[in-house]
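By letter and in written order, the chains are A, B, C and D; residue numbering begins at 1 in each of them.
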């Protein structure tokens, strides 16, 4: 079977992954409406492509927090990569490095930060953080990440409690015994999200800032009010995210929320997005609406499930080719030429 | 089969109830558009969830007419509970009491008010009333309810005649001979709605007020004009309801009508809603749009059909857990923090 | 099988009529979008029902051109009733008379005007007219109709040429040899619409007025501009119609066009509607939007196909019951209480 | 099987063409959303038909760039006609001539310009041009076309690179060895679009103008900004086109983009459209929205696949009959009577 577009990888993963693992990765909260809206929302955004521009020299590179990446697509933090491929997050880190883009390693990795770091030593890596009730444990994680050369902290803000994912409950999902959450102490049990601290507030941003010199990015922002608070609390970036539709069902699609966040932020910090990116033109739409970069979650897992590092590189290369082609067909030769004028919202 | 969400109970009831009973409970008027719209309308309302708020101490209690309930979901009045479970409304009353919420007993109960009252003596019970042509009979019912400790009268306003439910006509639906409408005199025949008085008007609110000290709630209001009339006639509450889509087809979904009613009422009386509540986030949306509490109809019957009192407790507990989780994920720790800012209507 | 609603008659007719006849009656032009929109458009109109009004004495009678009918639903002109039932238009006329409503007999009847007239001598009958190239033939028809006691002329304006109905072309539809267009001279051949005069203009209204004292109603008006012209040319009524979607595909649904026509006419003449009426609440919506009366086309044919006169009476009686119930549930006891406030257009 | 409407030809072609050829002709970019939207968008445009106008003498002729054609539908440039019928573009040219309309021959024809020209010597032919990296080759093509009596140059602007058509990639589509791109030098290889020059800009319009006296039409314009640029650069016409949805997916449907282009152009040059024309009423809508003429792509190929020249004549004749009938039913006897008032955009 030819792997032509990302849904080919999805079909492969659905066919070959154990059902319990597929269900876990595919899961959305409740009725999965937000998960599905993340994708559908792109269909309501139309391009206004421009013709007869010189697009012979395409340059799709960009910078995030000052570091150049090969194109504006990174790897979003998702957990449990060993469920998709034996080498787990080490493969993910290698693929991201090979493609010269950013990988946000999850707290819930099945490889340790040290292993991830060793797999891709010079790569651009960020570290995704949950704040645990045991603050010392979180502090330790932050400091390990900083010491290992991770270049930013991504604080997930939308999991005071875990969303209700019906299939995981039906399947009795838990990590297989031979996999470990290697970044957490032994006594942390998988799927006990009660370890997460639901009392975290904006003030804890100050606490984090006191622990580290790393830039802090907040992930999970969906409103202009929270975007304003993020900027006021001195973060360096915002990831517009609804956790892939796995937390609160029937919130906005991220591409829709992006508009309101970008407008509130007014360029004071970088704004990113994850959720629903399935082809290169989705990336172009997100950038046209103000995202500096997007991150892929499930598609990265499908790539891993297909062929580990190689599969993920395939996924990234397809997205890269599609993004470059979309840009050219829309009349943009450089990322800096992408702007709001390039898209319009369908009246439907 | 794991009972994870309310539609699991629906599937169970559809499978195990006699078709004629399932059809009766599921029935909508005419083409069933309003019945279905009650549910679909929630999909067009999106949350604007707020992050990084302290949601470690969740309090989901509320008060209706001054009485505290464990969460803002009560049991709407529906008839013929023995069709779902042998103990009928006695089980319903016990489940509501166990979960510390309000049960609105229907005039068309298959247990008598005395039986219901004895099954849950200290519980918060309201009594739903139709006004019959035989006004003395209605007066007697009101006085029995008051004497038995029911704490409010809920006057149904949308049944001057019974809606046209095609399947009930095809099935020749009538109550099985061993079930009785115990609250009504022997000579009342089931399904002869002509016993109901279609000449009732707002002036009859005054008549009811003359019979009882109980607060009066009108159920079935869908417009601002009628909401204003209700307030002017001195009622204590309004239930925005379209009778589960069983009366006039192609009226508004209740969640849509709620907006207009709440705006008209301006806080002068409490506003409730029934129709279409299928998960905890539906409750959250209704409260965000101004409802003080919602009531479930069919889901309660599915719970009864599953396991009587225990099944209904399961349904309520699931809704409670989902509501608490939705609140937390939306950034609210207390019911008083829920407000209009939490939702937006989709442009689609 | 119980005949509960109009779609039961549709299902019967589809099952028992010869395919070629079913296809002819069901036909829409081109992609049948307008035919289907006529029905779908009603779903986008929601009621704003009012409660606690005295609806104990329901009066659903109305008057059209000064004559009382039992309820505001008449029989639209459709051709070839013998395709549905051996007695053809005679049965139609009898059923309309039995139900005390108006029957608009078509030029393309398979019974003669004399037969129709004899079948229902005292009934309210109107005559639908096409203007033929042979003006003398049309003049003769008008004068016969007037002499036979038809009380109005309904001039069809939307058939300068016959619409393209794909199935009729595929089926090679033509009237079976034993049926005749009895109102037309022998040398008129069925389906040779070229007999119709495509040069007819508004001035021909004056010509018609010179031939007869009967009131003239124009059928097929869909715009405010034409409505204004109709009034200026002295017609007595307008039927908003798109010929059941059989002429120009992708014009407006009649219920949508009604709004614009009613607004233009400002009560100067009566406005009627046909197309898409399938249940009593559709009638109520049309009246709320300003129609004085509606006419049914295909549902009448389904009734005939079911049981001739009796079947059509069943159809009318069901509509009557549904209309009365809808009115009551919306809070109206008399037709004069129906108004624009009763409906709103869905934002969807 | 009767060939009644264009989708009959589509069904025939899908059934009888080799899958690889069908897939190539049917292909859209990426998810094919724009390909499909081109058709769906027409359903959202409703007619406002006018009645009682004299439509006895129908005249559907129009002029494009001063030359009369029998009706406002021409043949859009598409490649590889021998995939559909052995005689390829020679049949296409003959059919267009027989029907007295315009044929835009593609650079990627499988017959040479000389063959096409010889097949229809006196006909109205335009020549579609890509600008190749080898400018001398393009110059040569332009001069051959001018010498052979082609009457206009149509510059395709939306293919700096070829769109991503998934099925073609899966099928490994390439032209069969016995077919040649006869207009291009031998060393041009099929599907190596890298021969096309992605550095072409508006200034190259001036270069083209320096090569030829032929009028220049730009094809692929979708925005008012580009329409303005086209006019300023002295083109004689604009074809609103998205390449049948084969280039940038999720741009606008052409009928939607037409509105914005027509408004910008303000009559300074002629505006045409291709994409999604499937029946005569689509043509009428495009003209009502300001197109001077439309062009059909895939339907022409279906006609060829059915019966070569004869099949394409059938397609054109059906469109012609449908267009004439739609005009008449909308109340227009001449093309000059068609105007913006004839249509409205559905609110849905």
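Please note the rule applied: a residue touches a chain if its C-beta (ideal position, glycine included) is under 8 Å from a C-beta of that chain, and two chains touch if they have at least 3 such contacts.
In UniProt terms, the chains line up like this: A, B, C, D = (S)-2-hydroxy-acid oxidase.
From a predicted model like this one, the values you see are computed outputs, not experimental measurements.
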### Task
Would you mind checking the shortest number of contact hops between chain A and chain C?
2
### Query
After a C-alpha superposition of chain B on chain C, what does the rotation angle come to, in degrees rounded to the nearest 5?
90
### Copies chain D and chain A - interface residue numbers shared by over half, same or different
different
### Task
Provide the C-alpha centroid distance between chain A and chain B, rounded to the nearest whole angstrom.
42
### Task
Report the inter-chain centroid distance for chain B and chain D in whole angstrom, where each centroid is the mean of the CA atoms.
60
### Residues of chain C whose C-beta touches two or more other chains
348
#### Entry: Chain pairs in mutual contact under the definition given at the outset
A-B, A-D, B-C, C-D
### Interfacial residue positions of chain C with respect to chain B in the complex
2, 4-5, 42-43, 45-56, 279, 281, 285, 321-322, 325-326, 328-330, 344, 348
### Message
So in the complex, the part of chain A that touches chain B is made up of which residues?
### Response
30-31, 33, 44, 157-158, 160-161, 163-164, 166, 169-170, 197-202, 204-205, 218, 220-223, 225-226, 229, 247-252, 348
